[in-house]
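Structures given as structure tokens follow.
Both complexes shown next keep chain A, but they swap its partner, so chain B is in the first and chain C is in the second.
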Partner chain A sequence: MSKKLTRRDFIKIAAGATAATGLAPVARRIVIEPFVQPPEETLPGQATWYASTCRQCPAGCGIVVRTINGRAKKIEGNPLHPLNQGKLCARGQAGLQVLYNPDRLRNAVRQSGGRGSREYEPLYWSEALDLLAEKVSSLGHPDRMAFLGGLMPDHLYQLTNSLLTALGTAPPIIYDLQCTLEGRRPATQLSQTFFGTADLPVYDIAMSDVVFSFGANLFETWMSPVAQSVALGSMRQGKLSGRGLIVQFEPRLSATGASADEWIPVRPGAEGYVALAIGRIIVEERLGHVGSHRDNAVLYQNVDVREMSAASEVSVDTLRRLAQAFADADRAVAIPGGYLSGQHNGFASMLAVQALNRIVAQIGRQGGVFLSTPAPTVALRSKPEVNTLSDVRNLIKRMNAGEVDLLLIHGTNPLYELPAALGFAEAIKHVPYVVSFSPFVDETAVWADLILSDHTYLESWGYQVPSPGTDRPVISSQQPVVNPLYDTRSTAQVLIELAARLGGRAVEAIPWADEESYLQELVTELYGSSLGAFDARTPPGFWTLWRQYGGWWSEKEIRQEPETTDIVQKPLPMVDPQFDGDPEEYPFHLYPYSSVALTDGRGANQPWLQETPDPMTTVQWGIWVELNPQTAEELGVEDDDIVLVESPYGTLEVSVFVYPGIRPDVVAIPIGQGHQDYGRFAQAVTGSNPLALLAPITDPDTESLAWGATRVRLSPTGRKKKLARLESIDGQGRESIG
Partner chain B sequence: MAKDANQSDEGIRWALVVDLDRCTGCQACVVACHAENNLQIVGEKEAAYGRWTHWIIIHRYWEGEYPNVKARFMPIMCQQCSEAPCEPVCPVFATYHNEEGLNAQIYNRCIGTRFCGSACPYKARVYNWFRPEFPEPLTEQLNPDVSVRTRGIMEKCTFCIQRIRRVEIDAQAEGRSPTDGEIQPACVQTCPTSALIFGDLNDPNSHVSQLAHSRRSFRLLPELGTDPGVIYLKGGEVNV
Partner chain C sequence: MNRFWFFSFLILLVVGILTGILLTRIQVFSAPEQPIAYSHKTHIEAGIQCLYCHSSPLRSDLAGIPSVKKCMGCHNVIANDKPEVQELAGYWEREEPIPWVRVSSQPEFIYFSHLPHLGTGLSCETCHGDIGQMTVTRPVVKMDMGWCLDCHLKEPQPKATRLADCLACHK
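For the complex of A and B:
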């Protein structure tokens, strides 16, 4: 009898044999079990969702992360979170590639070949912490230490601040490129000047009928892009009162501008003039439905509409039509955006824009401007405030003068993010010891002696009060969604352990045993608040619900009406824009803009974001300069031709993208590429950092970087580099190789 | 149009509505799709040859000239046609039509003739020119519900069929049917402006059915008679 052995039988026998040989005879079945002892909450093959907070930008959106067998598999928006309401942007979706990035540091490391050698030697954490403690305690004077940070989670800022204060050192300097591009510091100052509070206002786009956005890329990277996009959805098609209108004022048509109903290509730096002219027309012609404008007349007493029209290159007819639309709307709001703040006259322009909300009586009204109500506990209110560029400049000066012996850097990459002309790269060489907390070897970490690699955000604890917030108090919680992949350590934990080693006032200031107990103590202060969306019976129960919900927020909407200060009793300032570079020699305005995918460059190490096409140009993985078709023709260049861009401070070679939506006197370059370090995906893109071109000038009112105030010139190089576009420019469609 | 097995009014017909008045071109859907469906990354050089693997691409159309220029976005994904031109050309029946109106792709049948890609009038199909590479530990990001396609395989948007099944199974376990809006492909789930809405077109009360009857609705290349399952809503009209 010959029975043919089928494939299926063979597998059965083989499996049986394996079971018999591999296991003790008592075993009746094989279970593929990835953990020796699986964590309590984990069932093999079953997804568990953890709520946390996104840290890809400072907005503070709530996320839920799908984990399977202890591995994070997908990030989605937290549907309960009042800020982003279950939605997430491209960067938020790509967060897994921060966690699973192949170029992460896996230990605390010391540069064994000296700074800049890129040779690293792993350290035990106890060794690394001893080293840090020794460096701190051997300082001649506490002033000789400095801490430079990015916009970090609130709890870390508080710990850092407490520790530095206890040591007698100056508070951390908070400065990163994203905050600069969105104009966070000037916006805070505007709020202070206008409403007498440092809280950033919320512009109620959802309920507005007419939105005037002055250089705010609302649906890309400015402030809280997901919340603003959610609002756009309801404004456009979600309201019974009809579809809202958006007008975008900016020299280059951004993706936000493309989504707007009208784009007004204002001359760079003249946005404030447009706002002044619109205000003057409304007040003078008594437009709208707010009754008397007598109180507001003083604001515009020096404004001449014709002059403003000439200076901004927006016709008087257009200004009048826009003024009419703004004043006649039931609900209108004007938003002073990041591009405004990046001008030499930025603050004056922002005041002029905010004043528009005042004259149509939209402050504190639905569809206008309001403030979010702060959290009910004092401890949770302290949050990082962005420093001015002058503060950073002072630090650089001190570093150059040899007054800084120990520099700690967390969450910012000044070597990439600061204009090269500020000379940070040179100054860091004068600091005897530099400690970085970066999870990646970025351009700055290369110049650190010691890298105490932090966890990535999906492995970290924390909380954040979103700022700008939303229509109710919100505190967003952050918790590890997976166990840390490597032997990295959270910076908050490092500071706590450092304080314990230093003893004395340091340990008195931050006496907690670990980060989690510190957070738990802080957070359970909210226990018992009657506002909360959930009720807990005990403080530990509150801590559990806090993590399950992804934070704490009010169940009901609580808006706060701002009170305007006496700024509104003086004529609005009118300041001429100034630009660095002689207009004869450098005929174009440079507009560096933050990229939807890469933000300020922090996304460049994530391949999903690199492969994401830019919405307007459809370019993936690249850097380009956008030229008006007329400008391109005058220069004799076309798509993909490499041009040399020169400013008084630096040069850059980059491919041309002929862009119909840009003023002929403006050229735009996206920020985010041009990394020398920061991992294989960031370094895969050839090109240099556009920040090398920027003039290190500031708006004197806010002392913030005037990043839109540099002039450049362009010259063809005769070479070509094809950009990786999604769209086909030769009409042959995809795969037209040749 | 003659009714056949593909076009039953009974049962489910999954459909996606794309509201162009809400779309900001922000690319959140594109990255969400990459994350959910284990799409490969091709890198700059291959992307320049058009060998990218996005299942959704957002077309950008310029209108007019400076200064009266406008740009409009249009997300394009597999249109899940009832009369799909890609189906009859496949020599190995790798692409077929399921009973829920989905145009499905069986990866391990595919032999890479790319006939379907040529036949698709919407250019929604992508081809794996290379073996996907996920440098360790990027493999950890892979969704275990979705197979990773290797070189030589054609692929395209599936309406996240694994997410449809996940919700169906969970609902079944609770002894109920999925509610309207409960099933969300990854792109729909993340879309910040809610420009994407997913549901059953055969259910007259579903949100997609309601929107499909909007006077703003249209489908792409209707003259081809493909009867797409993706319905677009016109944008850009002031005070509709």
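For the complex of A and C:
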């Protein structure tokens, strides 16, 4: 022993060793807590699966959740559900981390240090509800209250709507970033204009031979990505006619583009021109097998293929080849996606794309365009419709003018999700009292006086008619799979209790004792329907089967076939794209794209999703800007260099990812990071919110945010911040050598 | 002098380890303190079957700990003057689960199921001892691998080989 051991050390070591050996079993003291009241369908140690509906995005996929001893353990797709047919995406799988999130609010809280202080004081629910009821009843005029919501479950929307109507307040304003990025409102308007109905189209990818996707990230976040991915599988492998052809038109190669056979990097905003040129070629050269194109000639009478080719930077040869492929296919479909709707000329482009389906007679035909089948009863048809950005702007104007005394916010996070330039952050300061229903303290909840924290979706009741739907009427049910973990309360229940406190017309409008009895009454209207996939003998029996199956749907395929309106008798509009920012000063188009894991930022508080490598860049836990190698060289930057991105509205510092799959005049940043609040995992990724860069401009036809129409400039900062990447982009690891 | 300390250290280490082992044995067979002084003896003497309260070993991996509701099914009226039963009623009133401390356990890396063991005709007492005589529940055997194999290897072939396979029990 080279080192001298002192007597003191010796005793310490000896005592420590003795204690450690002797005490080992004590540390294994395991507490087992049985149920106070066991649910009747559970058996200790055996899994019980509950069917419900996913709420990680508005698609409405059916899920089954494995629970053991009252704890949710695993989420899978519901194999019986006609929409997602047993499949589920990563976001759906990660739903457990919403339930078990350590940053959840555990009570109703009041901000004790004033708004923005982030100091909270728990409230008893009776106190909190009294407070809310007092605020509502002391309003000078019902118009002085406003409700801003995200795309909420249908039953909650109905309750909110009924209550607000009874109080004489305007209906809720529905607006969130996900709906904006997928262009839900413009898509509804397109259906209205083209088919005369507000039901969203269902594109029959599964049976199609040729799919032209114009900026629709079909297999990532657009509309119903799981259903569309299932359809992709059928299209590729389920038919005798071969793998088919998918062409993706977008300025940046997305994961959907990578699954396609061909990627056409169109100039931003010129997607409509490509569609017009393809249409013109088909009609003019009488391509395909639909016979006479005389009826359609009028649509394209003003279209010049060469001009369109020059404007979109797609060669005439390519356009002709694509036109031939589209027209010659037995079944072809063209899909107007979210990126189109995010342009200043979005609606014109979407019309041009939808018209392609018309000229190859694919409307209401297998492998073409159908409409979502509405729910079979009138009561179940009432569902949230997305408002325009102008409606949100009006609200902001009223807030600034001091015309809103009470603002209620549910399921949306405007302070994060709206372009900063709209000034919601300033406007909310002019509202005397703000109530949030968020289960998490997000950027908006920080500015609320009162947070009536809602349950997470795995603890909640509800139902949803998926929109876009599938080949039959579907109503997806939502039920609690576990008892609420904390003292939170569902917003539907809060509204019912609020109505009871307010009395009068409010309680007449929503007179139910609780959320469950309301749902039961609404849903058992379906009892006895001859269409259903299951038969119940009694209404309570129906309620049981409804929960066991995870909803109600038709046994057989029932598709809604659209009829075109007289839009097709006029030339299609041709609108030049407009961008905010002087092209000399701001040379690049900014493409803020929806992250496949974090969606519109709502997934940022779930570590499984943060850890999921982005499919194209394999970056984990990060934010980056994608530059074409040529652009990077011109700027003198390489991977991991921090650049300053500036638009006329804001700035952002972010690491560079050199990406060959992007046009040299476009830079792309994923949406979802840059949270100032929303919990430890969301805040763990440093960086700013790319929405701060966006110009608050809209497509005048749809009044939707033109989120793809901002120009930016880039400058190197000379600093570096390494991105955590799972793989190199060439798949050889060569980038990391040397 | 240094050598003296070294030998003293060795001796004390050996003593320490031996004490540790002894303490461990005591710990293994000692009864953990429970939130309510529950007596199995009283209940068995009253003629209640094990399976009345631990109702799932014939259907599941776990035998199951009775819910507070099940306790109250009898104790609403029976012996409700006893302090322990009043403690129980307190949990019921507060709708709190009772934090019982596990007496017999298997480590996380072991797959154990009651179902096949009862299926071969074993009784509860084979492993859990004469619970009917215990006022305080304590383990009677150290449920380690040697003990499992004691029985598994006594089975006729080829069952014994199958039951001695690592993956029969280890996850």
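Here is the rule we go by: the second predicted complex is superposed on the first by the 692 of 738 C-alpha atoms of A that agree within 3 Å, B and C clash if a C-alpha of one lies under 4 Å from a C-alpha of the other, contacts with A are read in each partner's own complex, and residues count from 1 in each chain.
Note that in this section contacts are C-beta pairs under 8 Å (C-beta built on N, C-alpha and C of every residue); 3 or more make two chains touch, one makes a residue touch a chain.
Since we're looking at a predicted model, the values are computed, not measured.
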Touched partner set for A:L43, first chain B, second chain C, both or neither: second
Partner chain(s) touched by A:V465 [first = chain B, second = chain C, both, neither]: neither
Touched partner set for A:M399, first chain B, second chain C, both or neither: neither
Touching partner for A:A499 - first (chain B), second (chain C), both, neither: neither
Residue contacts with chain A in the superposition, chain B compared against chain C: B
Shared chain A surface residues [contacts with chain B and with chain C]: 45
Residues on chain B engaged by chain A in the complex (per definition of touch): 19, 21-28, 30-32, 34-36, 41-45, 47-52, 54, 57-60, 62, 64-67, 69-73, 123, 135-144, 186, 189-195, 236-240
Touching residues on chain A, where the partner in the complex is chain B: 45, 68, 71-77, 84, 86-94, 96-97, 100-102, 219-220, 225-226, 229-230, 232-233, 236-238, 242-243, 245, 253, 255-259, 261, 263, 265, 485, 596-597, 607-613, 615-616, 618, 620-622, 628-630, 660-664, 680, 684-685, 722-728, 733-737
Contacting residues of chain A [partner chain C, same complex]: 1, 4-5, 7, 10, 13-15, 17-18, 20-26, 28-38, 43-46
Contacting residues of chain C [partner chain A, same complex]: 2, 5-6, 8-9, 12-13, 16-17, 19-21, 23-24, 27-28, 32, 56, 59-69, 91-92, 95-102, 105, 113
